[in-house]
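Per-chain residue numbering starts at 1, and chain names A, B, C and D are given in the order in which the chains are listed.
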Amino acid sequence: MINMRRNLKAAILGSTGLVGIEYVRMLVNHPYIKVSYLAGKGSVGKPYGEVVRWQTIGQVPKEIADMEVKPTDPKLMDDVDIVFSPLPQGAAGPVEEEFAKQGFPVISNSPDHRFDPDVPLLIPEINPHTISLIDEQRKRRDWKGFIVTTPLCTAQGAAIPLAPIYANFRLDSVFITTIQSLSGAGYPGIPSLDVVDNVLPLGDAYDNKTIKEITRLLKETNRNIPESYPEDLSLAATTHRVATIHGHYEVIYATFKEDVNVEKVRESLDTFAGEPQRLKLPTAPDRPIIVTNQDARPQVYFDRWAGNPPGMSVVVGRLAQVSRRAIRFVSVIHNTVRGAAGGGILAAELLVEKGYIDKR
Amino acid sequence: MINMRRNLKAAILGSTGLVGIEYVRMLVNHPYIKVSYLAGKGSVGKPYGEVVRWQTIGQVPKEIADMEVKPTDPKLMDDVDIVFSPLPQGAAGPVEEEFAKQGFPVISNSPDHRFDPDVPLLIPEINPHTISLIDEQRKRRDWKGFIVTTPLCTAQGAAIPLAPIYANFRLDSVFITTIQSLSGAGYPGIPSLDVVDNVLPLGDAYDNKTIKEITRLLKETNRNIPESYPEDLSLAATTHRVATIHGHYEVIYATFKEDVNVEKVRESLDTFAGEPQRLKLPTAPDRPIIVTNQDARPQVYFDRWAGNPPGMSVVVGRLAQVSRRAIRFVSVIHNTVRGAAGGGILAAELLVEKGYIDKR
Amino acid sequence: MINMRRNLKAAILGSTGLVGIEYVRMLVNHPYIKVSYLAGKGSVGKPYGEVVRWQTIGQVPKEIADMEVKPTDPKLMDDVDIVFSPLPQGAAGPVEEEFAKQGFPVISNSPDHRFDPDVPLLIPEINPHTISLIDEQRKRRDWKGFIVTTPLCTAQGAAIPLAPIYANFRLDSVFITTIQSLSGAGYPGIPSLDVVDNVLPLGDAYDNKTIKEITRLLKETNRNIPESYPEDLSLAATTHRVATIHGHYEVIYATFKEDVNVEKVRESLDTFAGEPQRLKLPTAPDRPIIVTNQDARPQVYFDRWAGNPPGMSVVVGRLAQVSRRAIRFVSVIHNTVRGAAGGGILAAELLVEKGYIDKR
Amino acid sequence: MINMRRNLKAAILGSTGLVGIEYVRMLVNHPYIKVSYLAGKGSVGKPYGEVVRWQTIGQVPKEIADMEVKPTDPKLMDDVDIVFSPLPQGAAGPVEEEFAKQGFPVISNSPDHRFDPDVPLLIPEINPHTISLIDEQRKRRDWKGFIVTTPLCTAQGAAIPLAPIYANFRLDSVFITTIQSLSGAGYPGIPSLDVVDNVLPLGDAYDNKTIKEITRLLKETNRNIPESYPEDLSLAATTHRVATIHGHYEVIYATFKEDVNVEKVRESLDTFAGEPQRLKLPTAPDRPIIVTNQDARPQVYFDRWAGNPPGMSVVVGRLAQVSRRAIRFVSVIHNTVRGAAGGGILAAELLVEKGYIDKR
């Protein structure tokens, strides 16, 4: 089985985009998933290395630089076993359906199918059991392939640290303020005049989708406390972008239905691990959450690449007791790694392990 | 009396600093306070226009550009009637005491005396009655002059909109996240490498002083509801700087002890006015708080100069009901104008009106 | 005649854009040109103050804020006497022709007609005599109206200080390096990810159009030295953008065919004045070029608003003798004021004075 | 001999600074130079990983993170074989002398000894023969150790591409404009308010030292053309910083005493190699200069880490014929790698190969 895995071939849709390049970077040294098809749009027919805007660490890997960018067409992907789809909203929906129909497992970072009732919205450490929705999806849609989505990067930055808290404490309200990076909006994305000497609020629509995704993720978190889902859990988010390139910074105030001890919260964050850690998946960080006690940390520049693989751990800091029933913490997540490409690869690894992805 | 006022002469300590220049800019057209003495440190003996770093709108006023920068020495200020002191922490304390001892009214933007029990921490719209502390101060210290302080810019950005809310509703908790500008830290202030492609947390000390000042300001706010100060009001702040030049942006979540109607909160903000408005003080904005309903506003770049005089109004937006007992809003305050120099001039005008400042 | 002028009514095309707002700001206090028609595209029918992105100093003028944005249609502009057109490349060309055909004087900041042989490319201080091309233009095209263009902001930043040098010295080569601001590219314009932690080269096309325009402007400069135009004058430009909002910074090395004395160059810059100064046009700065001797000036932030009206003077500094036949200097120009709207208004004033614009 | 080399132990002075961290990062995988002593100032006694501000790629290497920061004292460095000194100007001078006196080979990135007549100012590809100055230095000063310096990062960004041009063509004048990054000034270095929405000129002193160093480096370049050093070679530099973190961008115009063919210049740049390449030194990039033909490259963000090891190649682009006797090109150099730590390590490798550094 190990040997088989070594041969899994991946297509990356939108491969020259800001998430596409992280897929390329992370898969180049992957033990059993290999980049075999680079799909693009404007640059079809040209060498990847010439057309890509490599806005990440390092340089375009040599073995990838000369690969030709090809059309986004399932018929040309006979030998592809997995499709990673970081396509933009709107464009992604029908393309992903077509691929799933044609028999491909599609790991999507796009919002278009996130709230289809038979599509998992997967953070492998939080709701791995939701991959069983795939069975229902295939049956209902009569597909050989399937779609699995990963959540909005912003939602992940809050949901990952909130998951162990929600699992272990009687959470009442969550008040989130985000200070997000530019790469989350893609390229060209945010106009420069919106963020030089400015703080850009993203407005109600962005706030609301963030809340909606976190709500679903928490609902799907297994609780260790004897209580059904509190329908009155109140979540609010106020979202912004500033002139940072990568890394979402989020300030989270949480209130509880009973007194809470911040040291116990710290312990739940510190010891948090999930299925990927137990299965020792290749892209699983030892610790999904790294808690820092330094006063002026985390910082976006210094902490976004935390963990191993770099960028796969969420860094939590500024953890403090605000009142008997309220705490405060801050998180930094690498939005295009853990929040997109890295989360997608981790999802694929879980699906391989669980038998949902294999040589086609 | 009007005539007398027209002759009030002001000294500005630290006049070449980031708050000093706003004092100069705002006083140049003041109806009765005139800049007569520009005190500085490194640049004594040189023309103001040559040495000042004019990091604000417009150019150095012609009538000021040729004035010589002079030493910070009360003995040289015989004809000065008011002293504005935006000196940095530590340096300010003893200097301000000396001036007060020598008979000068000192309006300080510095933290050194903010928590002396006999020194007002004044926002003229919020706690004008606290100027009576001056009588006690003079008696206790045997001074002819006195010291009045204005609060930290960051505290003002939250306290001004919280004041009408606190006055009219049974506030329970306040959770603040700030995204502050660089000018609040003076020059040279924040190293560039701390804020390019980064979000800089200011840490516990800054968080705590923000809370401490807001707490005092709310305690001194007259309430319209039949309730004594709730000792269990819980305040928390998480403070940051990003690469904006002027203007502090603050996200504020407030919870209440009973159900609250966000429209009534809006009304209390919209109609907020205080002593400066009733007295029509020259530097009083018509509306201390301007509420915007635009989805992606306020923004630092576009709203920091709001009001008339520009920069004297706090802009509040993103006002929303989070749950039955919680609301959210955002504020933008011009930190060196309303939050420092403009607040200082407004304080001086109130003190003139109340008879505490006159020709010496 | 003065009285008539007081009634000139102006339409501003693209009035909500980055140059459009400077037209509005500058015309609000103009002695005889009044804003009477605000044309826009996406925002027709809405109040100007609600839809404009006011990325300049001050606030939207009260008398303008409630004006409705209207279609770009000459038929609706019966009472308009002048049309200012800061429309983008491509869109501008046919629209401007239509307006000229319908009898309107069109002052264009767009590139589309800059190299029509019968269209002036006007900097009023440099080549005022070229307005006589209008006569030829009207005759050839059988238009009652006409088009006058202003040069690319980047070209103006170099051409204005080069004009007196070219007029008085035997210039041989000019080597320009620009560090331009974002507003020159309009909104949305430059993607933020291109300029955060980056220097963005604009490439050959932008370099070349800069050179082409400067070349024409110098050719049209009257020389005080007994020499015909040197066909072998060599110009080169290397153009960039960085994350500044307004203000183009240009480093210029100039070599000469004979020994040159930098102090004489300084004098020619210092004393430079043209037709607008002699005619005392309302928008003419006293000095089109302000020479600073401070070592670390000009700086974009501190010098872009130089002059009176603010932003109408080019600041030159770092003037130095490099070798017997070479000098170096630096210029800062406010690209949307002197380099666009202000230059357009100054052109209009010259045309009024010369009888080309009057009540229609 | 190989075996001996494997044991060379290095001390890094100023190890927590911006150049210090690049030494640590680059030496961690070095084949024969090992980090054995981390000297610091404010943080003595603490673990390196806790106090360092790791403003570069990756994370603090695990094997280094727990090492204790120690005093800058030669007496404590018994087993150290090489000392790398990126100490700041002024502080470096006497310390480096003391180390050399105590028998240590000192590789300095500091300016203090750069113009001592018996101290090499070394770029290993350009003037490797100057290491023979060490013999004279030791004799004159009666030292067992010695000092070798590397040039200012800004000078290297121009001198490296100018060296093959100077070697092969009859260069007449060079006109440089730099757009430098913040890390070149260290931490805290440049105040944020100097570079947000601004371009900061560095002034005459910085311009002049840049020219002085390039002049010496070119003088020490072996020429392939039959001509002695032209005393009238004219160099000029205009230097600036903008808000980039790493990477100096330089625009260079060069004129020649005779007609020049830009394609031949390109060839001389493309094929440039030196002693480090011939000796296959571990830190030598295959190509010290990488020439790009892309129109809008090099860019600071995308090209500063060029080469292998990353950051050791200078990227040259925008190469163009300006006139028969003038060309233009642009360079990007990683200022703290090739321009400092990497250049220092390469110098050390050359000195090891030439027998100047060995086990002590």
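We adopt the following convention: a contact is a pair of C-beta atoms (placed from the backbone, for glycine too) under 8 Å apart; a residue touches a chain by one contact, two chains touch by 3 or more.
A quick note: this is a predicted structure, and the numbers were derived from the prediction, not measured.
**Student:** Could you name all chains that are in contact with chain C and with chain D at the same time?
**Tutor:** A, B
**Student:** Most remote chain relative to chain A, going by C-alpha centroids?
**Tutor:** C
**Student:** So what's the Cα centroid distance for chain B and chain D, whole Å?
**Tutor:** 48
**Student:** Between chain A and chain D, tell me the centre distance in angstrom, where each centre is the average of that chain's C-alpha atoms.
**Tutor:** Distance between chain centres: 40 Å.
**Student:** Please work out the Cα centroid separation of chain A and chain B, and write it as a whole number of Å.
**Tutor:** Taking the average C-alpha coordinate of chain A and of chain B, the gap between them is 42 Å.
**Student:** Could you list the positions in chain A whose residues touch two or more of the other chains?
**Tutor:** Counting only residues that touch two or more other chains, chain A contributes 55, 196-197, 243-245, 301-302.
**Student:** Going by the contact rule at the top, pick out the chain A residues touching chain B in the complex.
**Tutor:** Spelled out, the residues of chain A in touch with chain B are 173, 175, 177, 179, 197-204, 232, 234, 236, 238, 240, 242-245, 249, 251, 253, 255, 295-302, 318, 320, 322-323, 326, 328, 330.
**Student:** Quick check on the complex: what are the chain A residues that touch chain C?
**Tutor:** Against chain C, the touching part of chain A is residues 18, 55, 182-183, 187-197, 243-245.
**Student:** In the complex, go through chain B and note every residue touching chain C.
**Tutor:** 53-55, 57-59, 196-197, 301-302, 305-306, 310
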